[in-house]
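Read from first to last, the chains carry the letters A, B, C and D; within each, the first residue is number 1.
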Amino acid sequence: MEGNNQPVVNLISKPENMLKTVYTACRTCYSADMPINIYNSTDDEAKMLKLIERVISSGHYSTIEHIQISFAISNVSRACTHQLVRHRHMSFSQKSQRYVKEKGQFDYIIPPTIDKDPELKEKFIAFMGKISEQYLEFVEAGIPAEDARFVLPNAAASSMVASLNLREMIHLANLRLCTRAQYEIRMLVKKMCEALVEEEPWLKPYLVPKCERWGFCDEDKSCGRKPTKEAFLNVQPV
Amino acid sequence: MEGNNQPVVNLISKPENMLKTVYTACRTCYSADMPINIYNSTDDEAKMLKLIERVISSGHYSTIEHIQISFAISNVSRACTHQLVRHRHMSFSQKSQRYVKEKGQFDYIIPPTIDKDPELKEKFIAFMGKISEQYLEFVEAGIPAEDARFVLPNAAASSMVASLNLREMIHLANLRLCTRAQYEIRMLVKKMCEALVEEEPWLKPYLVPKCERWGFCDEDKSCGRKPTKEAFLNVQPV
Amino acid sequence: MEGNNQPVVNLISKPENMLKTVYTACRTCYSADMPINIYNSTDDEAKMLKLIERVISSGHYSTIEHIQISFAISNVSRACTHQLVRHRHMSFSQKSQRYVKEKGQFDYIIPPTIDKDPELKEKFIAFMGKISEQYLEFVEAGIPAEDARFVLPNAAASSMVASLNLREMIHLANLRLCTRAQYEIRMLVKKMCEALVEEEPWLKPYLVPKCERWGFCDEDKSCGRKPTKEAFLNVQPV
Amino acid sequence: MEGNNQPVVNLISKPENMLKTVYTACRTCYSADMPINIYNSTDDEAKMLKLIERVISSGHYSTIEHIQISFAISNVSRACTHQLVRHRHMSFSQKSQRYVKEKGQFDYIIPPTIDKDPELKEKFIAFMGKISEQYLEFVEAGIPAEDARFVLPNAAASSMVASLNLREMIHLANLRLCTRAQYEIRMLVKKMCEALVEEEPWLKPYLVPKCERWGFCDEDKSCGRKPTKEAFLNVQPV
């Protein structure tokens, strides 16, 4: 696994007719027509997109909850997944360290600040070897995997299937593409966005850090990319 | 609309590969393999079904959250939708009485106890006519639709796009197919289940009232179809 | 009930030690100390407030989820409660029209555009009387309350106990104090905010319409109180 | 921390008037009276308890969502907290390994299967020392805490403030008091239940493993304490 610290992300599932479903949802709110008639009478992609974009811009995000997307994710650290599972609107099926016993050297992620320093990197890799030995020694002594894993590090790689709706996807991007998010989860979410945009290019403008969406930064320690909220609220158009 | 009191339900959206996605989620928890490899290496439908059924039977419902389904619903009363939107794991886009102005007689639902009595039914229909007149009078007097609608009845028909994941779908069926649920929502959920089972017959055994799932009834006033919880807990196998 | 169209709102429950709980939550994230020690060692209200305000300003709202507040609400229309129960992070116990039979004239809400026009108001009140008569006629004919209520209007008054955490309370205020929200729910949420601010004055700056929080308006049709998002994003401080 | 593997749990916050709030919520559903009047007119504890118990037994759990409880938790492993934060109806503020730098030997939890074997225990403790050395070496080399922590083990102790409503508390107990749950989270949830029952003894009968609630076990591998679901459904009272 050395030399490959990139999350592996594949979009494995989305609705058959994403645009049409969101369009029908948007129109249902404002129409006397039956939703099934709205659904059946529309195929003009440009017209659908125009309406959807107006609705999202107005902040009426509930209409995009109808769309759910699933990703197959692997090669991310347990440090990263402990952050990701805090997104309570998402659904997760994660590889269990209780039930899946490691049989040799476990896979792991090297953080970039260590990865770029050859000496530290060597130490890191050697130490992962020692942890593996200690883990396997406990397993051989009859300790169940769920307890032996207490020595496994945050760096240990994990896998999951993760699903979320389009509203949460935009929220996830807004939060985790921010430079204040940790490097690994930023990289992971970036890859999720890329995989989605490849199939649905119209979503690109929404899958951005929150400062792009609001025009200002509300973080306590700003990266300076956008003005702070305070600076921003003092300069208002007449 | 008289004479047609049935909810209209169409399944308009589901993932392209429902079984494969759930199967990948189930296996990811217990496998050392990458989820994308699990996903790509499986096509044996019988094998997938067998695993999924075992996982659902064990109550590990999180694996079926990955699947979301959308329905186009119409011809249901506002009484019914006020109940349905209490399901907080669902997503709704409902026809707005604030923004959609009624132009003539509004559509409405006749409750079955009234529908089956010709005299009461006639009165009901006549009264719907009076409400419509009063509504239109207010609108003509310049009252905005959002205020004129204060005279509209619970019987007024509504439309919506409603989405939910498979876990919530089973929960919805467990709760709302119970004979203690109101007639209209029971009919609506029954039609949602039928529309889903038509496409995914393997789901049929799970889309049942809660008493079928548990073997007993926990309602305060039981319909008698299954023994009460108390009776049940007193008879245990040795 | 005529002449009294105001929602009745009482704050009936909140944690014994709101500030201290939020403070402990905020500090736990950044401290090596045990949360129970943080909790026991703090009583300096000014210090607690300062930290909490900094954390909320930075958008780290999860720390205020620990606080839940309950309101007793009555004299609101079913039109209004159908909107309110769409807030899926809230908990509701609402008076049931299925189980509570109206015995005489039901209570109702008169929308302000009708209330201020004596002639229309008289018509509205007379019509509520007619609806009541029709409802009672059905009940006397043996129709169960849950079906007779199909003639009851959106104007019919309802009651509920509603609970929400502080994060959702701020979100609710941001959305429903906006002048684009319907009059009645705006009045209701205003009263909820006032009841809370009376007990916890430090919360006042957060219980504002979203445009106050962001500096701009993202509604499709703006009331003009704040610049539109587009206008705002074009004027950025250097 | 050696020799002390017990979670530390303190109940730090609950509503001022738990019983009265739940009682008011239950009664509001079935009463023509205003909730604030129900609230003000009741103080008979035995009467309140009787109603609440009937409502919970009938599975109408929404009425107990109004009550939220907060716990200060410490001395639990990161393995345990990664499980706990999967409860998506809970709110968490957890000690950050990104922002809180360890300055000497980090605290850790020894799993009981290792703790009871003196030889393995000694190895475990020695290895925690080695991990600490490696962590501190990275920190001294200028690696930020958020990356150095990649070597920290699942055994590392964590702290949090965790809040949940009464419905989720019962659900948490039902799931995590099951002997199939991992030892540490079972101990943690047991302590949470004990802390709550000490203040609210009437809750004791509900804070039990799911098999006690249902009368049967739905786990794939049952501990045998209760009959399996299959065995149970075959023996029904006449």
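The working rule: contacts are C-beta pairs under 8 Å (C-beta built on N, C-alpha and C of every residue); 3 or more make two chains touch, one makes a residue touch a chain.
Note that the coordinates shown come from a computational prediction; the quantities given were computed from them, not determined experimentally.
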item	value
Between B-C and A-C, the pair joined by more C-beta contacts	B-C
Whole-Å gap between the CA centroids of chain A and chain C	32
Euclidean distance of C-alpha centroids - chain B vs chain C, Å	27
Overlap residues in chain D, where contacts from two or more other chains coincide	92
Touch-based graph of the chains, sorted into line, ring, star, complete or other	complete
Interfacial residue positions of chain D with respect to chain A in the complex	77-79, 81-82, 85-86, 88-89, 92, 97-98, 108-114, 117, 120, 123-124, 127, 130-131, 134, 137-138, 141, 143-144, 146-147, 149-155, 182
Of chain D, residues touching chain C in the complex	8, 10, 12-17, 20-21, 24-26, 28-32, 34-36, 38-39, 62-63, 65-68, 70, 72-75, 91-96, 99-100, 102-103, 159-161, 163, 165
Partner chain A, residues of chain C touching it in the complex	54, 57-59, 214-216, 218-220, 227, 229, 231-237
